[in-house]
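The following blocks contain the structures, represented as structure tokens.
Presented sequentially are two complexes of chain A, the first with chain B as partner and the second with chain C.
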Partner chain A sequence: MQILQQLIQGLSLGSIYGLVALGYVLIYQAWGVLNFAQGEVCAIGAFSLLVLHAELGMPVYAAMPVAVLVSMLVGYVIEFLSFRPLENANGTTRLIATIGVSICVRNILRMIFGADYFSFPTIFGDTPFQVGELILVPQNLWNTAIGFALVALLNLFLKKTRIGKSMRATAQDKEAARLMGINVRASLTGTFVIASALGAIAGMLIAPVYLFNFNIGATIGTKGYAAAVLGGLDFASGAMTGGIILGIAECLAVVFGSSEYQSAIAYIVLFLVLILKPSEIMSKKKKVEKV
Partner chain B sequence: MLQLNNVQVAYGNIEVLHKISIEVKKGEIVTIIGANGAGKTTALRSVAGLLPKKKGSQILFDGIDITNMGAEKIVAEGMALSPEGRHIFPELTVEDNLEMGAYLRHKDKAGVAKDMKEVFEMFPRLEERRRQLGKTLSGGEQQMLAIARALMSSPKLLMLDEPSTGLAPLVIKEIFRIVKKLNQTRGLTVLLVEQNAKMALGVADRGYVLKNGEIVKSDTGENLLNDDSIRAAYLGGR
Partner chain C sequence: MTFGKIYEKTRIWILLIIAAILPFAVTNNYWLHILNIGGIFAICTLSLNLLTGCTGLFSVGHIAFYGIGSYTAAVLSVKCGVPFLIAVPCAGIMALIFGLVLGMPALRLKGLYLAISTLAFGEIAYRVFLNWESVTNGTRGILGIQAPVFFGINFRSYNTYYYIVLIFLVMTVVLTRNLIYSRTGRALLAIRESEIAAQALGVNTVGYKIIAFAASSFFAGIAGALYAYEVHMIAPESFVSTESITVLAMMVVGGIGSISGSIAGAFVLTMIPEVLRSTGDIRLVLYGAAIVAIVIFAPRGLGGALEWLDHLLMGNHKKKVREEE
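Presenting the complex of A and B:
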């Protein structure tokens, strides 16, 4: 029973990791670079909700969309200031730029909010209820549902709509996309902003689970990055699978080890994947041209 | 339909096209032939708006100046390029590749559906594989897809860059037959770049010979085909 309990918990955590991972993957596919500031965008989402809801007293259903918008705006600024000017720079330069952005954002958050821990309001309630021997927390169940729903929605958007397809086309071959009449600039920006929105939602949902201070972006970012890498940096399904595996692994570590192991799991996963198939992580796979 | 006047293009400091002038009239098939590295691809990419042109260059298309227009704008004017190396979208299905070809025609659903049907009639292989990913197609099928995708924008001018590369002779014949047919039945204007000069001059009304970034000769397809110096240089002497 304890294992089932942990599996449910892992699924809930994992679906949020999956959302964060999806942000990494979207940007990676479109821009060919891992955005290490993605965790910071999640943090912006969480802090925006904290300010709007807990400080300014906005009702949750209004504060959430506004917080998402704020994060999309921040995402746009990050894209404009640090991705766009480096579009033609080499991979390492761009990677380091994203690390720079993440340090910068984290310290801005520290300047505003200090280093104190905040108690983050749960959005969907944290009063557990019992089903048989299982103890369930509404917030966790909602996290799972929302995680899966968003992934499904994004999948639908990318696979079925004209704009979604044009974003995938842009990610696959920018020059060919231009020849179709697709505005590659707008498509890349759109992808970035959507990734920011996903990150923000993930940030809000996961913030109540963690100790929450200015540093949360680093924690969330690492989990998302590990999940993305584990999923092969592939579109929706890969990211989600990676997230869930990571989430469950973390929770099982609690069962079989101790809760101290939990936070090490993401690093172990990263370590293993980087050793076993490093090439895929460092550079976007070149498409093979058939003759 | 298309006019290049003194078009100069450079990659960095290296000038690759030296003031070339080319004209394609409405309803013609015109070919540019030349050895590897002559600048054929550069010429087509410049016309399509993928490369910046030097000052003094001018490109007119259907009465408008497209010299400094970007590729995504030029498509809307009715020009399509099937690029060298095909550049189909590998992770999109055949159908989605074609839909992307018609990206700017989203308000004309009926027209797009009709054209989709037509390209499937032209290339039945593509219809059989409509739900397969682009990357799973054979080379010949990918070339067909690249051409079909270009046609989906319903262009006035179709530009083809080396459609025969890497394909079996029978497939090449089929592709040239279709191009000729499009030209005759629909009046589609075609600008064709080929290393396979014999094939290209065979279908073309007129041809230009590009050598080291300069037009060294232009004549009707037939005359070029029978020109001794051309035969020696580009047709393997036969």
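Presenting the complex of A and C:
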């Protein structure tokens, strides 16, 4: 029963990791770079909700969209200042630029909020209720539901709408997309902003579950990155799978190991999965390498 | 004898002499400490450059090897009373063993998958430092690492320890340079450019990748050991994964694959937060912004700028040599 309990916990944590991973994947597909500042965007989401809801007393349902907008704006600024100038630079260089951005943003948060830990007022209620022998927390259930709903929505958006289609086309082949009359510039920016919004929502959902400080971006970012790569960096589907694998691994670690080593055990699982089933675990694409 | 020719012959010696008299010019202990840390990170960056810059094996957990070296040296020195000259190579060898442990299975992985496995390795190493109380003392860290003593001279003070760091840095530069310009180095570059092409040309890619992993982790371990003796106490907080990213940033800011660049990058990125210390909390914000700015405005890194300066000073001489070739 305890295992089932932890599985549910892992699913809820994993769907948030999946959301963060989704941000990584979207940007990776469009820009060809892992955006290490994605974790900071999550932090921005969490902190803007904290300010709007807890400090200014806005009701949650009004504060959340505003916080998402704030994060989208921040995402746009990041894209404008550090992605656009480096569009034609090589991969490692761009990666380092995103690391620079993440250091920058993290310390701006530190300047504003200090190094103290904040406990976040719960959004969906944290009074646990019992179903049989299981103890469920509404917040966790909602997190899972919202995680999956967002992935479904995103899939729908990318497959059915005109904007979504042009984004996918841009991710596939920029030149061809441009020839088809797609505004590549706008698609790239749009993808980035949407990824930021997803990150912000993930940040807001995880904030009530964790005690957090300015460093939350680093923690959650690393998890998301791991989940994204585990999922194969393909569109949507893989990221969520990767996130859930990671989340469940982490929670099962509590059952079978010590909680001290919780995050280490998650990484050991990750490591073993990578070693035993190397590269492109979830990815369906078969790459042909040419010299 | 033109100026350019004289410059080309003497530049290394001039640089060494400047490095040797630096502790006399910088009398402030604080800055000497920063210099030493810069030198130690230069060794670490050079080792990462060998792995990532030359061979193209992307590592985001490099600080783990540095930490393993650090803890090995500290445990040997404090708990077993092993002298400096034995503890440091032992630290290097210990890191090398772990480099092989990580390297052998990780060789099956490519690109980002390798990166994530190194990330996982770094994370696991940090947890072990934190939780293996009986050996690492957990969060309290290991205290009281004695400074090395040679010929009756105690190398405790920063300006004397500086020379030890300098000697190790010079040795690392000479060794990596020789490695890069040897047959092995060319094989590594070939692997970076295209593994399949290298394989087709008869390069034993697996063997050379293991060599790259081993050499890289060895030097990182040495750097870690030097760090332990520099600060006299180590704690797990010095080896978190953010530090791996810092080393990676040093490498890229310096210029990927460039030896002089790696050293410059390490020193510059160690100095920037300290120079900005007077600005208070905003210093790390500026530090992050500086990394972005350097990457955008100097795409070939500091190494590129140094090379440009080098060619400028050498002037016509270099051009003539090229024409003769």
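Note that the second predicted complex is superposed on the first by the 264 of 291 C-alpha atoms of A that agree within 3 Å, B and C clash if a C-alpha of one lies under 4 Å from a C-alpha of the other, contacts with A are read in each partner's own complex, and residues count from 1 in each chain.
Note that a residue touches a chain if its C-beta (ideal position, glycine included) is under 8 Å from a C-beta of that chain, and two chains touch if they have at least 3 such contacts.
In this text, all values refer to a predicted model and were calculated from it rather than measured experimentally.
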Partner chain in contact with A:274 - chain B first, chain C second, else both or neither: second
First, second, both or neither for A:162, with chain B first and chain C second: first
Contacts of A:5 with chain B and chain C, given as first, second, both or neither: neither
Touched partner set for A:178, first chain B, second chain C, both or neither: first
Per-residue touch tally on chain A - higher for chain B or for chain C: C
Residues of chain A contacting chain B in one complex and chain C in the other: 289, 291
Of chain A, residues touching chain C in the complex: 34, 36, 81-82, 85-86, 89, 92-97, 99-108, 110-111, 218, 222, 225-226, 229-230, 233, 260-261, 263-264, 267-268, 270-271, 274-275, 278-279, 289, 291
Chain A partner contacts - residues on chain C that touch it in the complex: 52, 58, 105-106, 108-110, 112-113, 115-117, 119-121, 123-124, 127-128, 130-131, 194, 196-197, 200, 241-242, 245, 248-249, 252-253, 256, 281-282, 284-285, 287-292, 295-296, 299
Chain A residues within the chain B interface of the complex: 162, 165-166, 168-169, 172-173, 175-184, 287-291
Chain B to chain A touching residues, read off their complex: 48-50, 70-73, 75-76, 80-81, 83, 85-92, 96, 99-101, 103-104, 106, 135, 137-139, 142, 149, 153, 165-166
